[in-house]
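Single-structure report; data block below.
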Amino acid sequence: MSSVVDFHNVVAVAGGFPVLAGLDIEITKGEIVQLRGSNGAGKTSFLRVCAGLIPISDGDANVLGFDLRDDRRSPRRYIGLLGHDNHLYTDLWVREHMEFRAAATGAEAGDADAALRRLGVTDRLWSVPIERLSAGQRRRVSIASMLVGRPQLWLLDEPHAALDHEGRELLDEILLDAASSGATVVFASHERDLSTSIASRVVTLRGGRLSEDSGVA
Amino acid sequence: MSSVVDFHNVVAVAGGFPVLAGLDIEITKGEIVQLRGSNGAGKTSFLRVCAGLIPISDGDANVLGFDLRDDRRSPRRYIGLLGHDNHLYTDLWVREHMEFRAAATGAEAGDADAALRRLGVTDRLWSVPIERLSAGQRRRVSIASMLVGRPQLWLLDEPHAALDHEGRELLDEILLDAASSGATVVFASHERDLSTSIASRVVTLRGGRLSEDSGVA
Amino acid sequence: MTQVPDSRHMTATTATRVLGTVALVAVVLMGLLGLVVSPADVVQGQAVRMLYLHVPSIWIAYGAFVLTSFSSALFLFRSRHRHDGGRHHDRLAGSAAEVGVVFAGVTLVTGMLWGRVTWGTYWQWDARLTTTVLLFVTYLGYLALRRLPADPVIRGRRAAVMALISFVNVPIVHFSVDWWRTLHQKASLSVGRRPEITGEMYWTLLYSTLAVTIVASWLIVHRYRVIRLEELRDEEALEALIASRLREDEAQA
Amino acid sequence: MLREALLVARKDLRVEWRSKVTIGHVAPLALLVLVVFAFAFDANAGLLEFGAGGLYWVAVLFGGTLLIQRAFDVETEDGNFDAFRMSAIGAPSLFLGKSLGVFIQVVFLELILGPGVVLLYNVRIDDWVLLLASALGGTLAFSVCGVLCGVMAAGLRVRATLLPLLLVPVLAPVLLAGSRAFETAFGLRAEAGWTWASLMFVIAAVHTAVGVRAFGFLLEEG
Amino acid sequence: MLREALLVARKDLRVEWRSKVTIGHVAPLALLVLVVFAFAFDANAGLLEFGAGGLYWVAVLFGGTLLIQRAFDVETEDGNFDAFRMSAIGAPSLFLGKSLGVFIQVVFLELILGPGVVLLYNVRIDDWVLLLASALGGTLAFSVCGVLCGVMAAGLRVRATLLPLLLVPVLAPVLLAGSRAFETAFGLRAEAGWTWASLMFVIAAVHTAVGVRAFGFLLEEG
């Protein structure tokens, strides 16, 4: 299988701090990788480096075949990123937001509706300004906007936070589906038991480096 | 034991929507209550009503002996609220932030340091601008600012989100300590297994009302 | 079958219908007096007829703003023990401010038209004109605050404080002609001074003031009721919403 | 590219439509600015008439800066700038779309400011064609420069203060050209108003070219 | 109460110290505004000298509005307004503390603007005492009015545009009085500058009284 993320001794610096301090990791197509590590271990930083948001200052990094030292923008088209924040246009209605996201990635308006339904966002909420949604409802809309873009690489930072039990199951299902249809999933999560359910591999970071790796399943 | 939160048929409206739709609940001193319920059930709203941030439009609500219809400001002095957001001055250094919070609640600067240590925020981070902290590190600082105020009523909205395993254990310990020294704790959480560990009572909301209540332990 | 409208849901009552009729008659009479009966001015010619709308309007606006401030003060400091939590004061403040803004607008427009005729320009940078425009915008800001989505009581409190702050501009407008050298007319009618205009003009002006007052009261009453109805509608919608929220959840369970 | 740019512009206008900031706050505010200047000059009529062209553009600059601020706040508020940077839409389209959205809102603002200036400052319009052409050129230049500076300040904690600091010097030539062109259009000076007007189009064109090429770089950060 | 107010003010100044917004952005910006006026008026020296008093206060108003915006953004940015509202510190102290913090920053701004006006607009100071007294009064009035309006707009999504809309009309009398007092101090008019100066102190006192009583109400929000 081809490698989707391929890091060799990557160092990345943000605000004068080495958020990644020489990371080696290779992730291949179709994997579901769970990132672990204590607070400040570098999980968020790793995901952001993969997305090309933080420049690397040393080492080799290759994402979806693009060399991040040359071109950090091109791979983004094929990447979906869910951060600690939701990236929503909080002024817009749920539906309007989804329509924009769908159109921006070349999907149909129908896809947007389907994604919302899949995430269990009920019709009542479609014409409610996002500003008024509860934390979990926002998270669902955010995941739906990601789903509609059909990314090849899913990067999720604690995606389960704020979701209720049903939401977590939905999300797991979606991630499994994505992986089985050839996408690659990397998500950070602190929840132990949950991890075992869907991840095909668990990677632990410590101090901006790899500390444990369960290996490809 | 005296009741700390006493709601009878409380209706609260935000943005034209009944976020609480006739809630009855009584919480007594020293309890640790876990709130549950699916996304949009009204957990956040309940906590914010308790803190006097959302006005009630019908029913009787009594918090720490204050009638919320007459006076929503006075009880706040005795309440600590941790929302989905962290409420930090992100420009300040960790230490400066804590000093301000300590002074504002009449605590000593030493208390602030002790609280930071207790939350496992290492000395290296004390003179780092909060802006640069990772999500979990911020959450810790936020909990530390709450701890330093020694509230009588702790309201926490998904406090475990973003915390790593060690952080969760620390937090549980702190909440147990608080309860055993006479404070009352109400926290919302979606995590099932965790709940069993410290909550003395589990309350489930649905549609802005009480749906299940494990009762006082 | 036509539904008999619930009397609660109408903005008119017999009393206000009478008031409305009186207002209409008064306006017609005012037109007659202003346009036909009163003479043209020696200096200003026919243009002087503008006076009968220009001046009463701003007086009414002042009056409305006084009412706004007064109700706002009551709302802030005297509403705790009212059964409606002071909503009445708040509604009154809001409707008076709306009507005040409208009449301040009328003064501005008539003033500009008048200016075009007598000064040859629509606008002069004269202290009175400038302060009037400021007054107008001040209350636009107040109304913007009232339109924010928030709990009515809380929004009412914010707006009430704003109303108290805003009122400062009213005396400034009124005294601007004394404090600065202006092109604009000095006060010609004021307490303790002999009026500078006389005869039919004087009486027409007084009468127009009365007529405009009636119209303004009629407007305020109606705006008040519309606001009240909106609140009632929201309350009823709320009951329905609560019911539907419960139903939705039962369906889910 | 054009389709995507239109998409972005439409989304921005929709956000505006939902929040009604331009019409509700910025337009009255720009009018207020006109009045405040009159205060500052102690209502010296001749002076104001002479300065009308300049004051118009100062008011546009002021109101427009708020609009640009808002256009980028919308992109960065829910957490950070990442979503905008991750956008599947290409950088040139983002730039053009944002500029178009801002352009339309500024035009709207000017539709209110224009009559305001004419009425309040008592100006007489000699040359309508020059007036409209220079208004168009100035607005175009303003929008593209604004979006370029806007993205540089976007997402920073200090954006509210940094944006005007970047924007004002960049726009100073536009302000100057706009004022001179308007003064000619008002018949206050016999100078070559058209030269000034074309200068603004040139500025707009240059910044558009820069924006289309460089917006991708500007999106990067950290 | 005083202790708590000082605490709040100190915290605000510390935030300023860490982010250096006043010194880094607002002060240069205010100077820029002065330069822009010079542009807009085509450097007509007599005119600028005459308008110097007014322009000074316009620049203070402009820069000060940004400072107030910032003072409340700091309170509301990490999520929402709740922490400020939950604060263990009493509402009057919050009001006084915030006002004090803003006051000190505006004074700082004026220390830069003042010499700027003198140099750029070539004014001559006749009456130092009046000048300083009216600067003090105007700044006090500005700070308290600003904090009052600031809290009304705080935490709202439309705050950046609502704040100036509320603030400018409320401050117009201060602007006016300040300009007239300065003109007297510059020897440009013989009028009673002291009356204007005292007017500003009165405005400051009235708004302080309102703020101390009403700030608690203003903190509440739906």
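Letters are used for the chains, namely A, B, C, D and E, taken in the order the chains are written, and counting of residues starts over at 1 for each.
By our rule, a residue touches a chain if its C-beta (ideal position, glycine included) is under 8 Å from a C-beta of that chain, and two chains touch if they have at least 3 such contacts.
The shown structure was predicted, so the numbers you read here are calculated from the model rather than taken from an experiment.
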If we look at chain C and chain E, which chains touch each of them?
B, D
Maximum inter-chain contact count - chain pair
D-E
Among the chains, which has its CA centre at the largest distance from chain A's?
C
Where chain B and chain D are represented by their mean Cα positions, the distance between them in whole Å
45
When centres are defined as mean Cα positions, the distance from chain C to chain D in whole Å is 35
Between chain A and chain C, what's the gap in Å when you average each chain's C-alpha atoms?
56
Multi-chain contacts in chain A, i.e. residues touching at least two other chains, fall at 14-15, 84, 90-91
Chain E residues counted as touching two or more neighbouring chains
19, 77, 157-158, 162, 165, 168-169, 172, 220-222
Hunt down the residues of chain C that sit against at least two other chains at once, touch-wise.
134, 137, 140-141, 144, 149, 151, 154, 248
Considering the complex alone, what residue numbers of chain B touch chain E?
14-15, 48, 51, 53-55, 72-73, 76-77, 79, 81, 83-93, 96, 100, 103-106, 129, 149
Contacts from chain E onto chain C in the complex sit at residues 145, 148-149, 152, 156, 158, 162, 165-166, 168-170, 172-173, 203, 206-207, 210, 214, 217-218, 220-222
As the complex stands, chain C meets chain E at residues 76, 134, 137-138, 140-141, 144-145, 148-151, 154-155, 157-158, 160-162, 164-166, 168-169, 172
Touching residues (chain side chain C, partner chain D) in the complex
112, 121-127, 130, 133-134, 137, 140-141, 144, 147
Contact residues on chain E for chain B in the complex?
4, 7, 11, 14-15, 18-19, 74, 77-80, 82-83, 85-89, 91, 216, 219-222
